[in-house]
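Two complexes are shown next, each including chain A; its partner changes from chain B in the first to chain C in the second.
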Partner chain A sequence: MILRTELRRSAAPVIGVGVLLFTVGMLYGMSGPWWKGTAPWHEQWTGLAQWVRYLGVFLWPLLLGAGAWHGLRDRRAGVRELLSSTPRSAWRRVLPTAGALAIGLAGAFVVVLVVGGVQVALTASYFHVKWVPVAAVGLLAYLGAVLLGAGLGRLVPSLLTPPVLAVGGVAVQISLIQSGWPEWLTPTIEAPEITVFTTVSVPVTLVQALWFAAIAATGFGLLAANQARLRLAALLPVVLGLAITVPVLSQQDSHVADRDAVAMVCDEQDGRVCVTRAHEAELARFAGPAREALALLAKLPDAPTSVEELADERPRDGVVAVSLFGDGVRGSEALDDPADIRLSVLAGAGTPLCVDGSEETYRWAVTTRMAMARTVAAAWFTGELAPLPYYREMPTTEGAAVQRVWRTFRALPETAQRARVAELRDAALDCDPAVDLLDILVAP
Partner chain B sequence: MRWLTLYVRSRQVPGTVAAALTCVVALGLLATGSGSMMMRHQLVLFAVATVAAVAATGLAGADPALDRTAAVCWPIRRTVHVATIGVLAIGALVAFQWVDQPLVATELLIRNGIGLTGVAALGATLLGGGLAWCLPMAWTTVAMTTALAAPEPGAALLTWPVQPPGTAAATVAAAVLGVSGTAVYAMFGPSLNRTAD
Partner chain C sequence: MARVVDAAEVAPRTYPWEIAATDLRVRAGRRMAVDGVDLSLATGVHGLLGPNGAGKTTLIRALATVLRPASGELDLLGGADVREVRRRLGYLPQEFGFYRRFTVREFVEYMAWLKEMPKVDIPGAVQRAIERAGLTDRADSKLKTLSGGMVRRAGIAQAIVNDPAILLLDEPTAGLDPAQRMQFRQLLRDLTEDTCVVVSTHLVEDVAAACSDVILLDNGRVVFQGAATELAAAGTAADAGDSPMERGYSALLARKGAAG
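Then we have the complex of A and B:
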């Protein structure tokens, strides 16, 4: 009964609708990274759970402020003294309020997950439940933020508390990003970490759940406490949580490989073509062009015999590993056109882009030379120079340079061409950043 | 003078200004220590929103209905109050950048200062003084999240707070919001919901 009243009269409906509108509005309103990459929010369960949390980066500070607004309610209505004189214990009075806030937030979360989940269920070939705890931790974190805000609002009943808390939340979020403290103290997940091949590790999810539950407990305690001693006791969960969380989280890798997602699903008829289990639905589209490219690669001495989607490891012998969603440096859209798939397999004579994550590999000059070498190597198989997928918008100066390289390379005798492409393939597979692939092709 | 003193006290201006400036310094120092250009930008622009949001709590007194019965010309006083918040928002950040180091073009500070103050005034008119902060803060949150997701966010009319200088649509949006927010607040005053105390 009280719960029903609280559901209508507290900040719960506004907070719930706000979170829902913000999240769905963001997801549909702009073409952010959640539509691209290997785990789009509407195609993969992993992506659905993690992109929703990604969007919380500046939302939870706002929830902190909204909670504080709620915590000011008794003071606003001028009933603090009245309520403190009632025999009903404070925590029993606060419980329905906290319940209403939880229901409001959970409702918003469930609607978002259903909107995404229906679309995912229609397209995803890879079903799993590992995403559920990841999403649940996000919900728990939002609830923790609202309750902590409410508790602090009651502790410092000033009109300034809500906006100042919201600002403080943003400051905390950004200092965590900058200071190297475990970013996992906040619910957000960074964009580059969201791939379908990885999953948030179980220990991290557990510790996060503990931490956000501790925050929620402190918030609840502060909301219910009416003596200084109890307020002090209410801080205990957060202090304990911090003492456990920080040392544990600093030693944990947040994302670990999802073995089920990267398992290969293969089409074995003449020339083996495989994609990861997560992208099983792409196999039919991918197999034909990949096989054509594999036939062209037979010009090589010691030619590869199968094509696999590149997941998280370097390729094995005799296997061409191809990334279907961007090449690791540029692009994150899925390869659609058969010609693009062919070119991606042939790029660099059937080698993936060598990215070691260092600054060096992302330098414009380095990536450009690498892209030129990979383009010319692919052109040697097809017979005509064509820009690789994701490199169509190269400036014309680079276009002219690659034409020059292509002409120089074509002027070489046929056997030398073959030897140099083979050498390029070996070097690219070794992935030694000191070796310049373009020199291998055209150096005298 | 006596009226002004009483007004300033009744709207809790000293505490509000102190809180706003503390937030500006905290966010500004965070921006100075940041290695990422984008983060610096976002922090400074967020600081403008902070001043507008925090100061907007003073746009309503303890009893808006009682205020209205006063035989004073409210529209002028309200306009001056909102304009002062705008000047504070812009001035605080300009001063910080002048003392510390320039991080963001002054043009952006002025644009966002005007726009977000207007939004805050709109918030006070619609929701009352206690909730006025929601509008500028929520708007900035949306814009900042957009800027984080895409280096060049589209829909400039919506994401104007994070658009680069010289974006016509963003300037127009900020100007329209600034003027209309101030005008609406000047005409109607804070909401009669007793959100302040």
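Then we have the complex of A and C:
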């Protein structure tokens, strides 16, 4: 009865609808990273759970503020005098309110997951349940943020509390990352970490669940406490939570390979072509162009005999590893056009882009020289210089430069061309950032 | 409407006074606002009169178990523990706060729940309280849409929802129009049989119309306790005021001032 009243009259419906509109609005309203990469939110279960968590970067500070607004309710209404003359204990009184907030948030969360889930179910070939706890931790984190906000609003009943907490939440988020504290103390999952080939490690999920439950407990305690002693006691869960979570989270790798997702599904006929199980649905589209490219690569000495989607490991001997969703430096959209698939297999004479994660790899000059070398190497197989997928919008100066390199390279004797491309392939597979691929092709 | 009556309700009272205070002192901030009050109140309507700052609200807040006495003794319902007292208490604070988005029914329900009424009794009790407060036709309106007078009546409804043994009303008629005040007095008369009502007011005519006896408070002390007629008798034509009650009121305060 009281729960029903709180569901209708407290901040719970506003917060629930707010979370729903914000999340769905962001997901559909913007062409953010959640549409791209190996795990788009509407195509992969992993992506659905983790991109929703990604939006937490905006959401949890807002929820902290919204919770504080609710926490001011008793002060705003001036009911404390009346309430303190009633026998029901404070924690028991706060329980339906917390329940209503939890139901509001959970409702919003479930609707978002259903909206995404229906789309994922229609397209995904890879089904698993590892995403469920990852999403559930997000919900727990949001509940923790709302309750902590409410508790702090109750503790400091000022109109400034909600905005200060919302801004403070953002500040905490930034400073956590900059000061080297585990960023996993916040519910946010960062965009580069979201791939279908990895999953949030189980210990991290467990520790996060514990941490956010501790925050929720402290928030609830602060909301219910009416004496200084009890307020102090309410801080205990967060302090204990920090003591446990910080050491654990600092040592854990947050994402671990998802073995089921990266298992290869192959089309064996006449040149082996494989994709990860996560992208099984792409195999039919991918196999034809990949096989054509494989035939062109036969010009090489010691030519590769199969093409595999690049997941989380460097390629094995005789296998061309191709990333179907961007090359790790520039694009992140799925390859669609058969010509693009062919070019991606041929790029760098059948080698993946060498990205070692260092700053050096991302420098413009380095990226450009590498891209030119890979483009020219691909052109050697097709006989026609064409920009690689993801590199079409490179400035025209590079376009002119690449034309010059292409002419210089074509002027070399046929055998020298073959030798240099083979050398480039070996160097690219070694992936030594100190080696300049362009020099290999055209240096005198 | 028939309802289950439990044994506690029909058990004979074992105490002579609903409210018994001996040398009661209560602080309001630093000031000792109630400073040595002796009171024994049984069922009936007791008007608590006095000038502003006399300690009326502080006394009521102590009786409502909101403030803890600084010293002295305060036995409510024969010394029942605080939780039991609060279950059988109705309280309308001077500044009645409420959740604006709740409807009248929801708020009264909420208060009934906070007073730990049995779940099955709540809907009936809420309806009855709303009817007695004269808010039946606005029961499902949100509180923020009500006028000041109607909010006051919602405050009365929440105070009486648990059929309290002690009903504390701090300035209940503030904001009510004359018709509503008459209705309110009628309500008080209906309650008196098994309720100890303490009504704080500075409107002498409210006391005259509805109270069986009067407590006159000044500077934190009881300067007069007796029947309303005795209050009227204390005044003479020479005292300030437009009615016998008012003249009695002025006379007692003046006498106290002269004595002090």
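Definition applied: the second predicted complex is superposed on the first by the 444 of 444 C-alpha atoms of A that agree within 3 Å, B and C clash if a C-alpha of one lies under 4 Å from a C-alpha of the other, contacts with A are read in each partner's own complex, and residues count from 1 in each chain.
The rule is simple: a contact is a pair of C-beta atoms (placed from the backbone, for glycine too) under 8 Å apart; a residue touches a chain by one contact, two chains touch by 3 or more.
Since the model is a prediction, treat every value here as computed from it, not as a measurement.
Chemist: Consider chain A as the common anchor and indicate whether chain B and chain C clash or fit when overlaid.
Modeler: By the criteria stated at the top, chain C and chain B fit after superposition, with no clash.
Chemist: For A:M30, select first, second, both or neither according to whether it touches chain B, chain C, the two together, or no partner.
Modeler: first
Chemist: Quick check for you: in the superposed arrangement, does A:V79 touch first (chain B), second (chain C), both or neither?
Modeler: second
Chemist: With the two complexes superposed on chain A, say which partner A:I189 touches: chain B (first), chain C (second), both, or neither.
Modeler: Neither chain B nor chain C is touched by A:I189.
Chemist: Which partner does A:A234 reach: the first (chain B), the second (chain C), both, or neither?
Modeler: After superposition on chain A, A:A234 lies in contact with neither partner.
Chemist: Between chain B and chain C, whom does A:V94 touch in the aligned arrangement: first, second, both, or neither?
Modeler: Neither: A:V94 stays clear of chain B and chain C.
Chemist: Given the touch rule stated above, what does A:I2 touch, chain B (first), chain C (second), both, or neither?
Modeler: Touch partner of A:I2: chain C, not chain B.
Chemist: Given the superposition on chain A, which partner contacts more residues in chain A: chain B or chain C?
Modeler: Comparing touch counts on chain A for chain B and chain C gives B.
Chemist: For A:I215, select first, second, both or neither according to whether it touches chain B, chain C, the two together, or no partner.
Modeler: neither
Chemist: In the superposition described above, what is the shortest C-alpha distance between chain B and chain C in Å? Please give a whole number.
Modeler: Checking C-alpha atoms only, chain B sits 7 Å from chain C at its nearest point.
Chemist: In the superposed arrangement, what residues of chain A touch both chain B and chain C?
Modeler: Common to the two interfaces on chain A: residues 78.
Chemist: Which residues, counting only chain C, touch chain A once they are in their complex?
Modeler: So the residues of chain C touching chain A come out as 61, 64-66, 82-84, 86-87, 89, 91, 93, 95-102, 106, 109-111, 113-116, 119, 122, 158.
Chemist: For a test of understanding, state which residues of chain A touch chain C in their complex under the given definition.
Modeler: 1-2, 5, 9-10, 73, 77-88, 93
Chemist: Which of the residues in chain B come into contact with chain A in the complex?
Modeler: 12, 15-16, 19, 23, 26-27, 30, 33-36, 39, 42-43, 46, 50, 53-54, 57, 129-131, 133-134, 137-138, 141-142, 144-146, 148-150, 153-155, 194-197
Chemist: In the complex formed with chain B, which residues of chain A make contact?
Modeler: Its residues touching chain B are 18, 22, 25-26, 29-34, 55, 57-59, 61-62, 65-66, 69, 72, 75-76, 78, 158-160, 162-164, 166-167, 170-171, 174-175, 177-178, 191.
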